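What follows is subunit A paired twice: with subunit B in the first complex and subunit C in the second.
Now for the complex of A and B:
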């Protein structure tokens, strides 16, 4: 019996070994190293232990980082509610369409997710081109004055949000339409008989019925919004005057343009802690459901 | 019953909702339409004051330039090799480990599960800096394995989790029956487990391929030489040049994303399955 147990252990470990080695070498060890690096003043040439100096500098002296921090929270505050509510509403309309039309709309909203952040950012930058872009042409047709898009502070922030919004709604729409099909139609029929209009039905049946899905979508959207990077890198490079800079973008610049690895690692640790808090909250809330 | 459901659906489909849906769908798709449209125009027609909604003199000039004047074909080959290799290895390793975790009672399985859940939840980019220094020290920059191996590791936690979920739903009797018939663990895995979860492996393969094909942040760090760049890295480099050749860049965007969009339309049900399975709580 004992020998059989041992044999099972051996087989189980043998089956897991390739994955285990890769995960340890390229995920677990780097995570531990990030913490260690954040306590060093490490560049290409030197590597000196400095304790928590990187952190104190980030929070007390570095104005750019504080800008990146507030911007990132702004991105989260703008993107998460708009993605959650709009994708929920759109899905509630989609499930009332015929099967074919429903599949069509779901597929359409998923296209930007398939086409990658780089492609979507590039094609939007062509639409928003201040000189020859079609966006400004459309505005001028309606008698408006063209916007400067990427070169204005608030418009640049708006552009990054728009591109990120359309890159992100694919998954929520797929999840919401699946969840909506699971809500008992009887509730709606009963509400209809009681004379509740579509809006009342949405608030009183759809929204509560989708609670677990909404929780999951809120978390993944927030986690992604905290790491917003590609649209900023391709559209604005953080400018004008750092108005679109995010934590992840600044980490990238600090580490791979300025090669201040230690300082950037401290930024990575802060990002990791923020996101972990979100994941833990999700875990606790899901257990409650 | 279906008839009734259909009538019911129709009745509730309000005009207001449909208008909002169509507006969002149009804004979502318009940039793609406009990119496709522009990519078939001549250089001078792209910058007209009053734009042409369809190219009046359609031309393949931008596509020819993209293929002949830039390294785009090489980038495409690199992306294809890396994405295919990562997909194959992620599927094999995830199936093995997912099977072991769900069906073989071995000591340490619960610790392994903990490691997988934690690494799955942690932001991938927080470990970017040490990975960069490790790869630099190994001299793996601008090599295929340098791009691919960390990507495999990065996709494994999700893959193992997904396969484990599906394996758990396969009745244990099936495996026990095979073993009573004298099949060893390897035989049970290959002839019983893998065929049972083929749809899950298909979902995992498609999701992994698309993610790697589209990943940018890791690939831009390791592929710095022009010949070793992947498609997203190459396109982003063209986009960051002082004079952007928009016609060529847009043509590149179209060529790189249209095949994936077609794959998505054909295999939509596998995508949906994979996306929703990832959402199931462990």
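Now for the complex of A and C:
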């Protein structure tokens, strides 16, 4: 019996071995190396062990990093709920359409996801151009005064969120649409007989039915929001006055403009810890429910 | 036995001598890697199907024809991702043998000790073929220059003369051959023109210098007799009256609504297109911006308006200034002496007199004495810009930490632009923060 079990285990291990090797080589080892690097003052020229000095400096001296940390949490707070709720709503609308129309809308919302983030950001930079952009043109058509979108602290932050939102909405819409199709129609019919309106049906049938998908989407969206980079790099460079700077943008700049690899590695480790904590908390909450 | 030993020794000596001679003749096969930020498409810049890197590959082939034992592999990398690629290559010790890049990054590599000093492979006679002061302007603190400048963008102001004529005030533009004007003359000209035209701004002033283009903002400071950096001490030297005068003029244009909207977050690369689209009537520019306009007008991308180039306006009593943004070739320090030797030869070949005129493809100005009149009889504006080469002010790029320090300065520029701080506070903050940064900067 034990021998048979062992054989089965070995077969399982053999099947997962290629993935395991890849994960160890490209995930586990780099994470360990990054942590090791974060304990060093490593630049292009030198590599000196300094213990936790990089971490101490990040939290006690580096005001720009603290701003980046705050902004990153704000991005997560704004983007995760808005993407989850709006994609859920859009999917519930799409799922009621005919098969052809549903496929068309799913494709439409998915385009920004498969398009290059760089291309999408550049197109949005044209939209928000204060002199030649279509956003200000539309405002002027209605008699309003155009905005200097990227120059104001709050408007620049909003622009980054809008661009990131449109780049991220596609996958949740597709996932929610698929999940909605998986909910038994009988529940809705029974609820309707019991006199439940669309809102109650949504709260008591749709939302619980979508819970596993919501967990997945929340985690994926949060991970992406924690790592927000491309719209900032292309639209605002973290400005004005660091109002849109994110942890990932600062990490990139520190590593590849300042060549402070050790310091950037410390930022990366903190980001990893934050994302891990967020994901674990999400799983625990979901399991409790 | 003795005879045999003597014979063996003689053979060993002869063989050693032969090997040494062979090494000195540098005849062994060598494969080099050349990483280049390509400045133009095609070989001459005029080919319809020209690609980036064509010229670099052409030069590598020409060199291979001259020295068949040397093969050069060209890799083109762009300015956006290039630094990250190079940083990874340095970390992995897979760096190239030869690099063509902008001065800011080459200065970074120089200050980190990665490049071979020019004096190790160029004689005084060879450096004398470059315009006076060329190598002085790129020396770092140790007194050495580490790259050979090939081309540069000289700074001036592009003016849409057609719009000035439509506004009925073309007579307010500089009339003299030196094309110079004072701050007041410039302000009167652009404010009058903007008042007579609808939806046109004076200039695209910008405050986001984090990714470069500093000189388009600093030009107003230097044109007032001020400075950003004190290159003798490698520190910021911004807190002086002249600098404040320059900044006050810059701010006057912004505060009076003459600057194009959105300048607090505008990047250097997005400024010139506003001029091409005739949204602004003047624009601080580099040679390449003007050349792009000419090319765009020729192929119908931009409207066909009359563009004149003038000097950057200056404060009363201050001479005309210009800034430059050189790029060039450098030899990476390596352990293989043979590779380093041939890399040096290839850099000398690229920067030789016979290859100087290729820079016309980028619409830039050459540092070579033999190519000072590249645009004579072809384009008056480029001829004029070439004459500004002897009016260059220091750019600060040789200062260790300069490139990353830009990121520290940008928020203060933006605060000043948005009116959140005054000029005095700006100067005090920038000097304090940046000097602190530069003092603690570690290559």
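Convention: the second predicted complex is superposed on the first by the 247 of 289 C-alpha atoms of A that agree within 3 Å, B and C clash if a C-alpha of one lies under 4 Å from a C-alpha of the other, contacts with A are read in each partner's own complex, and residues count from 1 in each chain.
Throughout what follows, contacts are C-beta pairs under 8 Å (C-beta built on N, C-alpha and C of every residue); 3 or more make two chains touch, one makes a residue touch a chain.
A quick note: this is a predicted structure, and the numbers were derived from the prediction, not measured.
Peer 1: By residue count, which of the two partners contacts subunit A more extensively, subunit B or subunit C?
Peer 2: B
Peer 1: Counting only touches as set out at the top, which of subunit B and subunit C does A:73 meet: first, second, both, neither?
Peer 2: Touch partners of A:73: none, neither subunit B nor subunit C.
Peer 1: Per the contact definition in the header, classify A:132: touching subunit B only (first), subunit C only (second), both, or neither.
Peer 2: In the superposition, A:132 contacts both subunit B and subunit C.
Peer 1: Would you sort A:187 into first (subunit B), second (subunit C), both or neither based on which partner it touches?
Peer 2: A:187: touches no partner chain.
Peer 1: Which of the two partners, first being subunit B and second being subunit C, lies in contact with A:166: first, second, both, or neither?
Peer 2: The answer is first: A:166 touches subunit B but not subunit C.
Peer 1: Of the two partner chains, subunit B (first) and subunit C (second), which one does A:256 touch, if any: first, second, both, or neither?
Peer 2: A:256 sits against subunit B and subunit C alike.
Peer 1: Would you check which partner chain A:55 touches, where first means subunit B only, second means subunit C only, and both and neither mean what they say?
Peer 2: Neither subunit B nor subunit C is touched by A:55.
Peer 1: Do subunit B and subunit C touch any of the same residues on subunit A, and if so, which?
Peer 2: 125, 129, 132, 252, 255-256, 261
Peer 1: What residues of subunit B sit close enough to touch subunit A in their complex?
Peer 2: 5-6, 8-10, 12-14, 16-18, 20-21, 24-25, 27-32, 34-35, 38, 46-48, 50-51, 93-94, 96-97, 99-101, 104-109, 112, 115-116, 119, 121-123, 125-134, 149-150, 152-154, 156-157, 160, 185, 189, 210, 213-214, 216-217, 221, 232, 235-236, 239-240, 246, 249-250, 253, 256-257, 260-261, 264-265, 268, 271-272, 275-276, 279, 281
Peer 1: Can you tell me which positions in subunit C touch subunit A when the two form their complex?
Peer 2: Touch residues, subunit C against subunit A: 83-84, 87, 90-91, 108, 112-114, 201, 207-208, 210-211, 260-267, 270, 274, 277, 279, 403-404, 407, 410-411, 414-415, 417-418, 420, 442-443.
Peer 1: Can you tell me which positions in subunit A touch subunit B when the two form their complex?
Peer 2: 8-13, 15-16, 18-20, 22-23, 25-31, 33-34, 37, 86, 89-90, 92-98, 103, 105-112, 114-120, 122-127, 129, 132, 134, 137, 166, 169, 171, 174-175, 178, 185, 188-189, 192, 198, 213, 216, 223, 226-227, 229-230, 233-234, 248, 251-252, 255-256, 261, 264-265, 268-269, 271-272, 275-276, 279, 286
Peer 1: For a test of understanding, state which residues of subunit A touch subunit C in their complex under the given definition.
Peer 2: 41, 43-46, 125, 129-132, 146, 148-151, 156, 236-242, 252-253, 255-259, 261
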